[in-house]
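What follows is a pair of complexes built around chain A, which joins chain B in one and chain C in the other.
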Partner chain A sequence: MSTPAVSSVHQALQKSFKNLENCQKVWKSALTECSPLLESLGNLAEQSKALSNVQLSDTPLRVFPDLEDRLRFKLLQAMDTVLGKLNDKLSSLQSVRDTISSHASGVLQLYELHADSLDLLAVTERSATTPSIADMLGWLQDAERHYRQQFLRRKAVLQMLRVDNLSLVESAPQRWKSLESASAEDCITDILCKVSFFMESELGK
Partner chain B sequence: MKTLKLLSVDPSDRGSQRCRLGPELMSALGLKLGSPLLVSVPGGSCLCIAWSRSDMAEGFLQMDLKCCSPSLIPHPPTHLHMDCDRLTPVSCPKLKTIKITVVVQSASFKKHTSSSLVHELVKDMLKGVYIHEKHVINLEDFDTEIKYVVIEGIHPDSASSGLITAKTGVEITRIQTVRHYMSQLREEHTVSLGGLDEVSASLREMLQLPLLYPGTLNSLGVSCPRGVLLVGPPGVGKTLLVRRVVGDVGASLMVVRGPEVVGSRPGESEEQLRAVFERARSAAEEGPCVLFLDELDSLCPRRTGSSSPENRLVAQLLTLMDGMDRSDRFLIIGATNRPDSLDPALRRPGRFDREVVIGAPTMQQRRSILSVLCAKMPVCPSVDMMELAQRTSGYVGADLSALCREAAMNAIRENSKGSGAQTLCMNHFQDALKLVRPSCLRSSLGRTELSPVSWEQIGGLDDVKLKLRQSIEWPMRFPEAFVRLGLSRPRGVLLFGPPGCAKTTLVRAAATSSHSSFLSVSGADLYSPYVGDSEKALAQLFRQARACAPCVLFLDEIDSLIGSRSTGQTSSGVHTRLLSVLLNEMDGVGLKTVERRGTERILQAEGVGECHTQEQMDCQEVCNKDVMVVAATNRPDCLDSALLRPGRLDHIIYVPPPDQQARLAILKVCTRSMPVDADVCLEDLVTNTELYSGADLENLCKEAALLALQTENMEARVIKYTYFLQSLRKMRPSLTAQQIHTYQTPLTS
Partner chain C sequence: MEGESRDVTSFNRKCSAVTGSARKIRDNMADWHNLMLKWDKLNEDGFSVASNVVNLRLSQSSQLSSSSAPPGGAAELQDQCCKLQHIFDKMVGVVTRMENLMTSQRGLRDLEEFQFGPEGRQCPLFHTWDTKEFVGACHFLWESFVQEVKLKQIILQEVAHTISADLCAVYLSCWLHQPFNPAHNRHMLEALLLETGHRPL
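Moving on, here comes the complex of A and B:
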């Protein structure tokens, strides 16, 4: 417990977990901002679908010239704006992912640096307040994997939207929502709970 | 050496590529957290990173199959005990570039997604993954359309494994769909198939030429065949053959079962059929593809009436098959066991160009099927496959596999009683033979359960027995001798003689001694109130008998069954029509094409250079491919003369009433199971029973025994001579001298 290698790894881990706590907040807020955007995207898609279904010349609106093209242009423009905003949000999600990735790989590198002085006994040693280094490293990687998966799935949903397939755009909000499973987000909370004593205890030092 | 128990992976570890080990084992192998580790399991290997178990327990192994051999994807290893030396630490340098094939879920994703997006996604997914050459990376945990990545090559190629970093270049060589990839994987574990080499070779050639060399055919200006129709009785392995050949050729297979396509609403079935063809077309864009329509007769019955819904379905299939142009590189295979009920429009070149007939297997084919089936079973070396093949005439592939299963079950049952080693012996197969009957005889008219009778159970009649053996047993036993002397097997045997002289019993004994199938028909089986039904039934009977040749077909009381044309007043009666069917079947022009069977052609092509037993077996096959008709009558004068000429019923055997010696033999056989008193003199009885038939003598013994029970109550222990004499006094012989005389005059007069 007292060797310099162990304490340096512990410090790095503690820092990473604090960071993870922040990241979780940023991620959540970014996601909450995303959902109204997606809703409006779905609405726009529904509108343009309705537009292509209706025969404007059969309605009283036929007196307006080029109405269909103009409407379509407006809708597409609105979609573009929404997608631009979503892209901004996506980049903030990406920054969260990148932060966690760099932390996870940084701690692993630090461990590998000290690997010779840290035998498996030291790595797997644990106490009531401090989980073992192996477990904590694992958790950090789990968190990193979780964010990577989430980010990729969301990116794939947005990137695969096409103008010529409106029903795909229309169903995007549902698919986006289905990616948010409570259990997946809970695993991050779980991890943070498991290391809460570790983070506080080290603070006093 | 400690063994490790392989457990299934923890859900939280899924996608992490971790391999959870006990810490002691890790330090014994010199592993740190996160060191790459190659685990070899039966059928492949898996690259993982080592991690300690959170409960520190030793002796267990949990690994995530993120990067493993392709063969492990369809069948992941489970419940395995393995040694520690299966784990080898490997070094994984950072890789500069890799070449990969991407496997995606749907064809539409492949079509519509830009390659740069796929590249971006795949690169993100692969970051930080340890890979091994020729392995497959499972990306299902990302839950996107991209399912797997197959590693085609890595650079630097000095190492066989490495780590992908953000700087590793990723080169996508091609994109495949999961269906296509899985069908490629599956072909590596194809089922083995016995006895269909000839058909499968011709089918394979037909598939391979247009699918693999379309350019050559185009330059020759030949349009390649588009459809093949497989015809054969159920259970011969049509479906299996297609699966096998398709796997060998490396094409992807789409199976359509008739009832699956048919929907309840009008137009629904046609729509589904079009969708099937569309799917086949899109699958064919990725590589050769075969569309297999199983049970085609249910999908496309003969068109009748004007507005039945099947007509539209048939028409749709016809137009779809015509609509296939040369650029569609897929082939249609249909399979049916009722080719006659198909719509004739389907069976023309341009639709189903070729028809391949698979008949019931011959003896050689049965032997190879049996050896394939038994290859995985612990069969005792004393089991003679040849003998089994000989005894299973009329069995198709499905029957043989049922036979092997039944034999294995017998062995298990015996083993559970706690005796002997776990091998299959001949007696297991013999027991199974009693249970599993050939399926081509299952619905047959003449299928009879016959209790075995040995020749010894028939007293006297040695000449007749010899003649019967000559015509039934010898061609089976000594085929080479028959071939050497240019003898052909007799087509038919007629037994005639006074009633009660053991004609039927003789036939039963002959059927028992030769191991051929035995069918027996009586008038009740054949007659029906509908015109033409009886003839059809008789023709069907012959067809079934030929399918399971060598076969003995027994027509008892043939005079009542068939009748004669010369004496009959009604020339158009059922009898005459039946007679004409029988004459045709016995010596007709030829067989129907559907009944074609395997080896004939081979035999004529390669006669020399085979081992002796092989030759003998072949001889036997050739000599015994016909049906032997055995008829019995006690009114030979009523038979039509056309039936009696050589080539039909060649051997006409008179079964005489028993003479003195024969009667003695019969009495001995009859009294064998009876407690006869010591003073009974059988010779004396023989002299008193002139003109008694065999049946009479048996009745005499029965009467005597009953008399004994009657007079001495139920306590009788022995049958005394007086009882025999008393019952003899009551009885009259059933034959008369005049009757015997008419039989002995030559038939032709």
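Moving on, here comes the complex of A and C:
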């Protein structure tokens, strides 16, 4: 009943979904760490903007001739630190995307390798606990696409930032937030629910 | 081998059982470190009080234009301003103690000039720095803190009387980011601590 081809594809799928489960956690925690960083980036941009709006020579601060430059330097330095930290977070998001992509393409390659010995029945056959191979391959591709797109969009938000365009930096937190899509994340959770029995089953026995 | 063991003993003598001028400098540098930590803490506390002041002031002025002012607002604003004044007084105290440290450092230099002539002592008390360099470093640090205190005094005087949101934001970011206290200060302090053996080489 269970041919060697089916069981080897099953094993690879099980491994990929376990990896996906892990990646979802890493992704979520990296994103949670990003939001306070973006908030402080937006805050620093607001401060810089306020500094540009104020003519210091008309205020009691006129006694410090180099204050504006010094404060601007400090603000830029602080922004730089925050951007550096965001960059670290972005690379952990990237590594999540990379592992999911490599798993998804690896499983697909394995399936293509065995495609001749897997007939339509074997690919679409499912039981109460094990979804069909075709479904699972599809879900894995869905998850891969979700993380790939999410990563690109978030990277684009950060790459668009320029210190000479403060309103862009100021609005970055909102744009970052607008990328959050609960339904897409729920899809991943949904997929993981659908394969939960399959992940727990002991293959190869 | 012999040279090595001699190095170790001279290191010990310099760092743990120091006496006289070296001991005094070493203690002064530890005080610098503690004062700067204390300053940072006060700066943080001051910032949160100053932002309370700004928020109260701005919400007051927006309420004034729309309806009658809340009765408790003014008292609370006064209360926060007093708190800020209190923190500022403590910061002035910190800078006064920094000045004392600098004076003590100058005294040590003068003592050396008296003991060894205008050239100072031949071999350094610690690793490489001579007493004049300690005075220079302390003076540099002290000057930046004096500027900071001047800036903070203006902020303290003005922050509750400003209705422009932008200027308030500038006051707050001046308080938080300490434009006259560059990152170089931190490195200077680390250099002092390294030289006097508080930090392992």
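Everything below uses one rule, namely that the second predicted complex is superposed on the first by the 201 of 205 C-alpha atoms of A that agree within 3 Å, B and C clash if a C-alpha of one lies under 4 Å from a C-alpha of the other, contacts with A are read in each partner's own complex, and residues count from 1 in each chain.
Note that in this section a contact is a pair of C-beta atoms (placed from the backbone, for glycine too) under 8 Å apart; a residue touches a chain by one contact, two chains touch by 3 or more.
Model, not experiment: these values are computed from the prediction.
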Partner chain in contact with A:Asp119 - chain B first, chain C second, else both or neither: first
First (chain B), second (chain C), both or neither touched by A:Leu108: first
Chain A residues touched by each partner, larger count belonging to chain B or chain C: B
First, second, both or neither for A:Met160, with chain B first and chain C second: first
Complex interface listing, chain B residues touching chain A: 12, 15-16, 18, 23, 26-27, 32-34, 51-52, 54, 56, 109, 112-113, 117, 121, 124-125, 128, 141-145
Residues of chain C that touch chain A when the two form their complex: 147, 150-151, 154, 157-158, 164-167, 169-170, 172-174, 177-180, 182-183
Chain A to chain C touching residues, read off their complex: 46-47, 49-51, 53-54, 56, 59-61, 63-64, 67, 70-71, 73-75, 77-78
Chain A residues touching chain B - in the complex, by the definition given at the top: 105, 108, 111-112, 115, 119-121, 123-124, 132, 134-135, 137-138, 141-142, 145, 148-149, 152-153, 155-156, 159-160, 162, 165, 187
